[in-house]
Each structure stands twice: as structure tokens, then as C-alpha cells.
């Protein structure tokens, strides 16, 4: 039996996210690691999940990894090629939207799972300008479950966002609903250190899992806000099967894994 | 004139005729796909300025226009350009240095705004954005809006659902219609009257076209009316919406055209690297844009070897196993 | 279950499973084209009653359902059936005799209402209908609306344009979303998971499907997934919206299916004539609907000669020079 | 030279309507005589006009006359086959809508060009129920010019509609605009007796043309409301060329002409 290489941070993140995806889910995917997580889920634990893109392609074959959500690779062998408006309607419509799980990235996240992908500093005259919402605000508004992929750093896990691009639990408690939103937004945060979820009542982030060799304390140190770590348990590391499928079937050229 | 007459004119003339200083414009495509780049480069060559650009995620075209100083006002959802530039370089710099006025929306909001324009209604509703800064932070001030009749007085509006909680919504966000002066898109096939067939994802091109007072089509193939009439189900844009048709093969290069060619990741990376340095960027522009009298001359500089590399495989519609930087 | 599993079941079972007494339903097609007639006849055979039907212009299917007493409430834009019946016979009689509750909209309003349902928003705006009795005369009373949670409290709403006179509109009519319990459409091609390709005009079928909690597809051809994936641009409905797929060749007969068969004007006239006389109509139903155990048996009664007559010419998609009564 | 048969009432109506259509117009057409008028215009005086249908087909070839706006004959060789929502948006959008001229029929018309296609008697319990609006209300709301085709009878040219399905000038003066509508609605009425238009200021119907052998007085007798006949002139009858093209090219089988 071949021995298996230890997993990298990217690999454990990908596997942790993939485990969130259930059979039958419609996976709203971006590119990069989020695409890889969607493909890993499809190959490992959710063969009947469906990848779809805000640009309008659904269930594309993906013989090659796309590098953008407008990559021509997503237009090949799709169930349907439609338009932006159709893709977002699929999520806004609760009949289909309730089955969607989205994978999002962000520059900043706060304790309520609100995301900033717009800027650091003042909006009108930013220190650093990012790409902006794209479909992020829409998805976070519409769908019941979102996975946020983040590097776990203090400047990213902040007390106050410089700009609230995509709504999570807003200010917690039932403020999301009061604002006019359906239940939803970021429901799980997967980082290079652990997995965070949100308290059903308060809407506050808590530590659910920490990775092998990572301590809850280290995670707290990399988080600007207070976070409940009392419920945290050690994450089950990626299994040999998971790693093998991820490496050999999802990204054999290590286009994203490296 | 948007009837069934022959509308074929050279691209240079189409840009001269329809894109003026201070025009409100939109361009088709999405990040690295089907941007009307030949038209974008022609706008830059003609040094048209003070443009107001409505963008959802028009990556490459957007950033070339900003880099060339053509844009003064921007309504935008996303300024990224795939792997080459997760945030568009010129866009970020222009925002950081207050070189442009910009206002943020989401991709759905921008798509709906074009759709409202296409439908002839003043707004469309969505449940997106409650609680976000997209609703509260306006890039264009109230006084600036009030003084400019081409800009709507309110960025957005939130109203109570007049049908109780029908469809589970207590409130609704209304986003205002966009009706650009000109929209330019690049398609796979068009006939001389302007009927178009887009292959692969249409993004928001169709809505952008129908919302616009004038429409310039650039196309890979200028085909006969008869060819398009054989399958009307594949023609998303009938000629009644179109002002001018320009036959520009490889007109979306360096972005991709499904079924025809892939994006040139090497060119996009070169552009992104150049964009980070003003001197380098001037050289880049002098060589590739100002140094070419038109798109054909630009493609001559690129060379047949790059074109061969990105040429799409007929089965998949993209360049299989192409080295992507 | 609306995922990518095999959803093929017999039509009889699909109707039993999804269409119940008092269900709110919609059917695809327009007047004499692509009505899901096999499903309509199966609903009639199963004697399902008290249906609430959302119709724009679903001529033939609408009038058979009313004639059979399946409908108790109707929201409608147009009850006509081409040359055979400029006003649908049963529809007119049922309205005149207070046999059904009905409420009138325009075709655009009904299409927008399905679109709102498909988009997941509570309403959509239009500039249609100001000053008309469509706005002022409600078919369903306020008290009836209030007592039925499945019917929206207001037929429509008129609001001032919150964006001043943006897009030249001072006021806007808002029409409320429809989300039927079940929509049934007939298409040219579907695969086992429910992905569909409609050839020719789609009418409002796509919006009706996407607005619905359950969707039954009947299809001329049940094709492989591979066949449909070869041209995703022609697939308007991806499988995620579909509950059941039923393979029913000639499933829209006596209405037309572009590229496959024409409407049977002789049958439609026979139906219209019978509809004018209760005894004749009972005989018509006993022979063609109750006298056939399923659509195949119905087609046996029709006979191969009629089918040959209406079979489409491959070039034009309809039956060239067919005698049309 | 062949002598030409005298024209029938249907033929003069068709030609009068066809003359209203200008080159470059987009003609919103129903079936029957309205379709024939559109085809006559295209063959006689407006070769560059475009026929389109509320069902979504535009510039169809029409090798055979369609018998319904959902006839498969309109789907063949069209510039585009789209959907109901697209067709109505084309008219609601003023950029394209301003070029549309519509041809409508009705059971009743009033002096302000409002149309009834819904019912005679009480709406909830009608004496006679008609098909309803279809796209009529939408078209009359959106486009600047509509031709109404009517049989000229007192019970059809009424003082008060039983139901106002499609808005014309509503109550005249600027009531149409006040209600929220753009300028538009029925701008010309073509009957078997003459051609009526609407006063720009008052919005009231007046007699513009009466056909050969018809008197303004006869028209008044067939009209329930008062109508200004002071501006009326004799209509130029269909020319030999018009009739020949109509008969030989537009409807050689006399499917609609008879």
C-alpha cells in the first residue's frame, strides 16, 4: 500500500468545505478553491450535487478546471446555458434557492458572518479597493447556506467591516429577518485553521472544529473579535480516500492545489 | 435607423458616429469572455473621454478603458479579471486615487437595471442587498444626481411589499432602469441588418442591447440573413434593436469567444503586469493600442502563433490543454 | 425531488401524484399551439375538480378543462382558440352562467406574474392598463381573497414611481407573483432528468415552469442526456425545475407542435361545434376522452389518416398546404 | 388591359389600414384582416415594415397565412423566436415601441377610442362574454399608433363601453396622460363605412374619410355618439395596383378576403 503525503492547508480546507455539500445540493461556485471544493464533493460525498455559476451555466461537464466564472470551459456540455438574470433568479426563487449552497470568499468577515469584498478604508476614497460584490451580495441575500473560505488572520476576522458587501446575520439576533432578508447568509466559515459556525439564537460566530495541530487559542489569537470556543472539537482530518480522490481526480495537475 | 436595412459600417466609423465624449455606454461580455475589445481599443485610439460606463463584470474591457483615461463615472458590480487580476489593476488604482467617480451594485442588481431598461419600466424589484452598504453608500451624491438629468435621483429605493407578505417578502429593493446611449457587444454571428446569434452564455448582453438607444454589434462572422433565419430559436437579438454592424474577426481578443477562441491568458497577464507601472503601461499602450491603426494591425502585432494557441477545439468550444498562465 | 435523478413516470401516475382537487395549476402553450393536451385529457379522465387555473391564452386546454367541469376559479388574459372559436365556447358559457369565478388580466400582466413567481419576487411593474377596467374590476372579492391564503389580497397595486419620472413614468402598475402548485407543459425534447428543449416560440412556458412548486413535462421525444448536452444553448429548462417527465408522443394533439405536427383544425372545429350543445358535448367527451383509457387510445380513435394530414413538413415545421377549416 | 372587379368592403378596409403603415414601422398584428393589412402594406407601400406577434416571433416569412398568433406558420424563418415577455417589452420599451403600429379589433369602441373586448353586460355576470384583453390592453397602453378594425354598427360605436379593456384617450383632453399612460392608443378607426381619427386636443373621434357611395350621415346613423363630420372628405378608393397586389400576392386563395 502506497503511503500518502500529508495534507496541505489548502487540501484540508477543500475537504472541510466539500463535506458541507449534500447530495442533491445545487452548488453556487466561484473559481479557484471553491470550484475544487464543489468538484471534491461531487466526486466524494455528493455525486448528485450540481455545480452552477452566476453567469448562467448549470451542471457543466468541466473537463478542464475553469479559471473564471465566465471561462468558456463552463459552457461546454452544460444542462443549459442561460444568462445572469436566470442564474440569480434560480437563487432568489425559494423553490430552487433552498437547495443552493454557495461558496464565497472575502477580504473581511465579522462575527455575524457579514462579508466585505469591496474596500479597506473609506468607501469613496479607499485605501485598498477590491473587486466589489459581483454576485456575492445577491447570493448571501438569497440562499440558506453559504460557505465562506478565508485565510484566518486578525485583519480579516474583524470587529467592524470597512464595508458590508454581503449580508450575513447583520447585527445578530433576528436583525437579518427584520431587515427584510430570508434566513441564510454565511452559515459556515472554513479557514486554514478551523471551521466556524453561527449560533442559531444570537447569530454569533463560534468555533466548531479546529484542525489537528491547531489550538482554539491560536484561532482566537488570529481573530479580532471574541468568539465562543467552548463547543469546539478536533476536526476529523481528511481521510486517505478523500485526499486520493481530491488529488487524483479533481486536480491531478495541481492547478489550484498548489 | 434600426430597421431591416443594411447596417454594415467600419468599426472606426461606428465608434465615431455613436460614442461621443460624455456618452453613457455599456459593453458586453463578462470578465475574460466576449468583451468587445476591438471596439474598446478603437474608443481608446479615438481618445474619447468622460464616458459614463455601466458595468456588471466587464473585466478586460472595463480596465483597458479606465487605464486609458476614457472613463470618468462608473456604475459597477465587479471589477475583477479572472486569474490575471482578481481586482482589476486600473480600476483599483483609479478608485483609490479618486480618478473616477464610482458607485457599487451587485451583479444581479446591474443585470436587473439593464432588464428594466430593456422592458421600458423605471425599476425592477429584488430581495437582494437588505442591510448591506450597497443600499446605504452612494457613490454619486444627491446634489450631483439632481444636477444631472441623465443620472437617476436615487441610487435605489426600499418599499414595503404592497401585497402584504406575498411571496414571503415584507420589503423589496427597487433598482432603477439603465438606458445607455450606446451598448457595444461582440457576437459570434450577425447578419447585415443586425440580427445576432450568441453561442454559449449570453451574460447580460441581450438586456444591455435592448436597453440602449444605440447599439453597435461587432461579430466574428458576418453571415447571410438566410443562414440566421434557418434557426430563429438561436437568434437572441432581432435587428430592430441594432444601429450598426461591424465585421471584426477576433474582435473580442484577448478575451474568449466560445466556439471560436479562448482567452489569451499570457496577454492578460502582460496587461495586468504593465498596468501596475505607469511607464510600462505607456509602453504597452504605445505598442499594442496606439501603435496599431486598427484591430487587424493589433492582431498582426500579436502574431499568428498566439492566435493558433488559443483557437478553440471544435468539440469543446475552447482550446483544450492550452497552457494557462 | 428535482435533482438529476431519473424522473420518468407514466402520465397517469404523474397527474395522480401532483394534480389534486383544488390544486392551483397552469398549463403551457398558447391557443392552438403546444397545449399539454394529453395531460389535460388525463386530468379530465381522473375527474379532478375545483382547480384554480392561471391562464394567459391557453385556448384548447383551457376550454376542455372548463367543459369538463374541472375548473372553479380562473385567472385569465384571453379565452379564444383561433379560427375555431374566437371566444372559447365553454369559457364564455361558464362566465355567462356564473359556473366559474374568473378574473381578467392582460397577456403581458399574466406573463409578468409568472415571471415574478419564477424570479422569487412578490410583484413586477408594468405601464400597462392605467384607466382600464382590468385595474378596477376584480373577479375575486376582497373578502374571498382575505379568507384564502393561496390568493393574493390585492388584484393589483398602483404606486407612484419612487424614482421621480425616471423612464418617463409617473406611476406604475404592480402585478403580483403567481406560484402554481403544478405546471404542466409539452415540449419537443426532454431527457430523463427533466432538462427540456423547446423548438419555436416558448410563449410563457419557461416562466410558468420556474414559478411552480411542481412541474410535469410531457415530451414528444425522450432523449438521452448526451443529446441535449450537445447544445446547451437550446435547452431553456434545466432539470432542477422539473418533478416528473412523461414520454407522450403527439401529447399536444389536437394543438400544434412546431417541427412535428400542425393543429388539427378539423378536430378543433368539431370540439367547438360540440361545445355549443350539452348533449353533443357529452357524446364528444364519451367518445374521445372517457372512451379512451389514455392518449394512445385517444389517438387510435383519431386515426392515422388525420395524423398523417397534420404531420409537419421538415423544412417549414408545419403541414404545408394542409386544408384548414 | 384586364378590367378589375369592384372592391369589397373587406378590401377597402384592408387597403385603408395598409396605407396607415409607414416604411420602417414594426406592425403588431393579430390574425385575419389585420394580418392581411400588414401584408398588404409590406407588398404595396411599406416594403421595409416588419410584422411581429405578441407570441414572440418577429419578421416571420409567412409563406402561408397564419390563422392564430400562435400558428406554427409564424415560427418559420423569423428573425427571432422569443417569448411573450420579450414581445411585450419590445412595445413597452419606448426605444422600439415608438416604431410599433398595432392593429386591433374590438366588440365596442367609444368616442375616445377606448376598446371593449371583454363582455356585454355586467362584468361578473355577463350577457355575452368575449375573449378578453389578450395583449390588447398592453398594446393600447404602450404604442403611439393603433388601428382599430370595426364593423360600423350603432351597438359597436357606443356612448359607454360595458367594460374598458384597452385604453384609448380615456375621457379625452389629457386624461390619458394623467392616468399614467404614454401618448398612444387607438389613433385611427377603419370600418366598412369610413376612417375615423381623434382630435389632438379633445381626444374625440371625428370622421376623416367616408368611402365612395357612403355618406357622412349614414356613418352618423351607425354611431351611437355624436361625431364631428365637418372635416370629412371622400376617401381615395383603392387603386388598381393596390387591389391587384392585395388579391394576387397577399391572399390569392381568398382565405381572409372572403
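The letters A, B, C and D name the chains in turn, as written, and every chain counts its residues from 1.
Here is the rule we use: a residue touches a chain if its C-beta (ideal position, glycine included) is under 8 Å from a C-beta of that chain, and two chains touch if they have at least 3 such contacts.
The structure displayed is predicted, hence computed values, not measured ones.
Engineer: Name whichever of B-D and C-D has more C-beta pairs touching across its two chains.
Structural biologist: So, comparing the two chain pairs, more contacts are at C-D.
Engineer: Calculate how many whole Å lie between the centre of chain A and the centre of chain D, each centre taken as the average of the chain's C-alpha atoms.
Structural biologist: Centre-to-centre distance between chain A and chain D: 57 Å.
Engineer: Could you please state the distance in Å, as a whole number, between where the Cα atoms of chain C are centred and where those of chain D are centred?
Structural biologist: Averaging C-alpha atoms per chain gives centres 28 Å apart.
Engineer: What is the distance, in whole Å, between the centres of chain B and chain D, each centre taken as the mean of its C-alpha atoms?
Structural biologist: 40
Engineer: In whole angstrom, what separates the CA-based centres of chain B and chain C?
Structural biologist: 37
Engineer: Going through chain A residue by residue, note those that touch at least 2 other chains and give them in order.
Structural biologist: Counting only residues that touch two or more other chains, chain A contributes 57, 75, 81-82, 92, 94, 142.
Engineer: Could you say which residues in chain B touch two or more other chains, in rising order?
Structural biologist: Answer for chain B, listing residues that touch two or more other chains: 117, 120-121, 126-127, 168-169, 172, 179, 200, 233.
Engineer: Chain contact graph: line, ring, star, complete or other?
Structural biologist: Contact pattern: none of line, ring, star or complete.
Engineer: What pairs of chains are touching here?
Structural biologist: A-B, A-C, B-C, B-D, C-D
Engineer: Spell out the part of chain A that touches chain C in their complex, as residue ranges.
Structural biologist: Counting only chain A, the residues touching chain C are 23-24, 26, 48, 50, 57-59, 61, 75, 77-82, 89-97, 99, 142.
Engineer: Within their complex, state which residues of chain D touch chain C.
Structural biologist: 31, 54-57, 63-64, 67-77, 81-85, 88, 92, 94, 114, 118-119, 123-138, 141-142, 163-167, 170, 175-176, 179-182
Engineer: Quick check: in the complex, which residue numbers of chain B touch chain D?
Structural biologist: Interface residues on the chain B side: 1-5, 117-121, 179, 193, 195, 210-213, 228-230, 232-233, 235-241.
Engineer: So in the complex, which bits of chain B are touching chain C?
Structural biologist: These residues of chain B touch chain C: 116-117, 120-127, 152-154, 157, 159, 161-164, 166-169, 172, 174, 176-177, 179, 199-200, 233-234.
Engineer: Within their complex, state which residues of chain C touch chain D.
Structural biologist: Touching chain D from chain C are residues 29-34, 56-57, 76-80, 82-83, 86-88, 91-92, 95-96, 98, 104-109, 111-112, 115, 126-134, 137, 139, 158, 168-173, 200-204, 206-207, 256-259, 262-263, 265, 312, 316-318, 320-321, 324.
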